[in-house]
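In the two complexes below, chain A is the common chain; its partner is chain B in one and chain C in the other.
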Partner chain A sequence: MAITYIALSTTTVGSGGASQVEFSSIPQTYNDLKIVVSGRTTQASTADSVYFRFNNSTANFNARVLYASGSGVGNFTDTRYAGSEPGSSATANAFSNIELYIGNYTTSSNKIYLVDSVTENNAVEAYTYLAAAQWSNSAAVTSIIVEPNAGTFVQHTTITLYGIKNS
Partner chain B sequence: MTDKLTRIEVNCATGEQKVIELTAAEIAELDQQRAKAEEERAAREAEEQAKAAAKAAAEAKLAALGLTAEEIAAISK
Partner chain C sequence: MPATYDSIATTTVSGTSTTTIALTSIPSTYTDLVLVTNIKTTNNNNGNGWIRFNSDTGTNYSQTRLYGSGSGAGSDRQTGTDYLNLNVGGFNNGILSVAQIYSYSNTTTYKTVATRINTPDAYVSLNLGIWRSTSAISRIDVTIFEGYINAGSTVTLFGIKAA
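On to the complex of A and B.
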């Protein structure tokens, strides 16, 4: 059976923290990309959003997000939304679990991506998010920045980029 | 955590990973982003609180009309 799922790069944030993680020179030889994040940020809240930049662009992103908070459900629109992570108010040493699937990243059509994210917190206030999002741009995705919306990634945050082939 | 803000750059072609200190312009952009995020979070929280208050008020009015807690829960879904 052909190997269709390859870990292209993985990085773990060191003791100084990091405000962004960028994957550059992404090979254009796969059909889809997947990013897996186990992370936490310094933001003084229970949850902090994570955002994308494709090719360092912050424009023309649209996301529709559904969430459950532990005490209710809701939805909101956002721009570069790419999941949520525990902030410093969440249970100590609890990290998020985020999966991001970017389909057909080399196409000249708009890029669609899916977000499946949970924040970990040993309390009622813990969040799960599902989002459908689009980057309206004809350029192939050659670099991806993952960044917290407000805080910085703490030590031991791990982000892995996978390339996926359909055969 | 150190005081110096950094970012990590991972080159997928070479496997090289660099930890790069942010420039003054990047720090300013980050500060702006954080302020905007806090505004958005506060707005979202206020909206959720307003919705919860409206729901509680509606349930209280229904209870005053004589509906049981089970009946109110049934029509709240």
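On to the complex of A and C.
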């Protein structure tokens, strides 16, 4: 049986940090994509957002986000939402666990993706997020940029892109 | 290293006369299943669908949903239904859903399912469901309530091995 779940590329941020991580020239031979992020930002917060660009576009994204903080639940809308990660105010060495599933990324229809994300923090404030998101564009996704809302990714942030085939 | 994430079956709809996609003869050699659906329909608006196991139309399913619309969040529950919920898209855009079906081949416990349903223009939800049967799952039917499944819709079943 064919291997259907393949790591296409992985980036581990070095000591200088990184303002973004880009996966370019994404092969068009898979059906779905998955991105896994273990990340942390220099932004002074306990949890801050991570954002996408598809094909370097920042337009026509929309997301609905449901979250739990440990003391309540809430929800909000966003544009390029791609998860959340601890900032410099969070417990040292705590990184996010973000999983993104992008369905039918080569289709001419809008691209829908889901986000599961946690930001652990050894204090009262920590979050779990679920998001449904969409890029309304007919172009196939050929490149993806992952970037913090503010600040930069710290050293040891690791982002991996997987390709998933259905046959 | 053994392959542990296999595509068992996939369907890409080519016409507009389909209401059900049946995945049959599911092998029992995996640990868990992942069902990925990206379905749009001939309807103008988003709609509802269902998942059934082994053609069981009895009231043997229950589910709890956690959801957020962007302007409100909540939870609801259905008991004694004859299906598990699965939302489907309208004419232009599909709805991406990913269902994790755990320990599907064991014959001693009921089967639990976690489904992430993603409707970016409406809401995000997590449905946790159970099928009260000790039978191994050998068939999954994906059905829509209204209209037909539109061309280009895809349903894929993956098998995950623990080793």
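We adopt the following convention: the second predicted complex is superposed on the first by the 167 of 167 C-alpha atoms of A that agree within 3 Å, B and C clash if a C-alpha of one lies under 4 Å from a C-alpha of the other, contacts with A are read in each partner's own complex, and residues count from 1 in each chain.
Going forward, a contact is a pair of C-beta atoms (placed from the backbone, for glycine too) under 8 Å apart; a residue touches a chain by one contact, two chains touch by 3 or more.
Predicted model, so just to flag it, every value in this text is computed and none were measured.
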item: Clash or fit, chain B versus chain C on superposed chain A; value: fit
item: Which superposed partner A:16 touches (first chain B, second chain C, both, neither); value: first
item: Touching partner for A:131 - first (chain B), second (chain C), both, neither; value: second
item: Contacts of A:74 with chain B and chain C, given as first, second, both or neither; value: both
item: Touching partner for A:149 - first (chain B), second (chain C), both, neither; value: first
item: Which of chain B and chain C A:122 touches, first, second, both or neither; value: neither
item: Where the C-alpha centre of chain A sits as vertex, the angle toward chain B and chain C in the overlay (nearest 10 degrees); value: 110
item: Touching partner for A:65 - first (chain B), second (chain C), both, neither; value: second
item: Partner chain in contact with A:107 - chain B first, chain C second, else both or neither; value: second
item: Overlay on shared chain A, then closest C-alpha pair between chain B and chain C (Å); value: 9
item: Doubly contacted residues of chain A, that is, touched by chain B and again by chain C; value: 74, 76
item: In the complex with chain C, residue positions of chain A that touch it; value: 1-5, 31-32, 62-67, 73-77, 101, 103-104, 107, 109-110, 112-114, 116, 130-134, 164-167
item: Chain B contact footprint on chain A (complex, rising order); value: 8-9, 11, 13-27, 42-43, 45, 48-49, 72, 74, 76, 149-152, 154, 161
item: Contact footprint of chain A on chain B as seen in their complex; value: 1-2, 4-15, 17, 19, 22, 26, 30, 33-34, 37-38, 41, 44, 48, 52
item: Touching residues on chain C, where the partner in the complex is chain A; value: 3-7, 10, 36, 38, 40, 66-73, 92-96, 98, 116-126, 152, 154, 156, 158
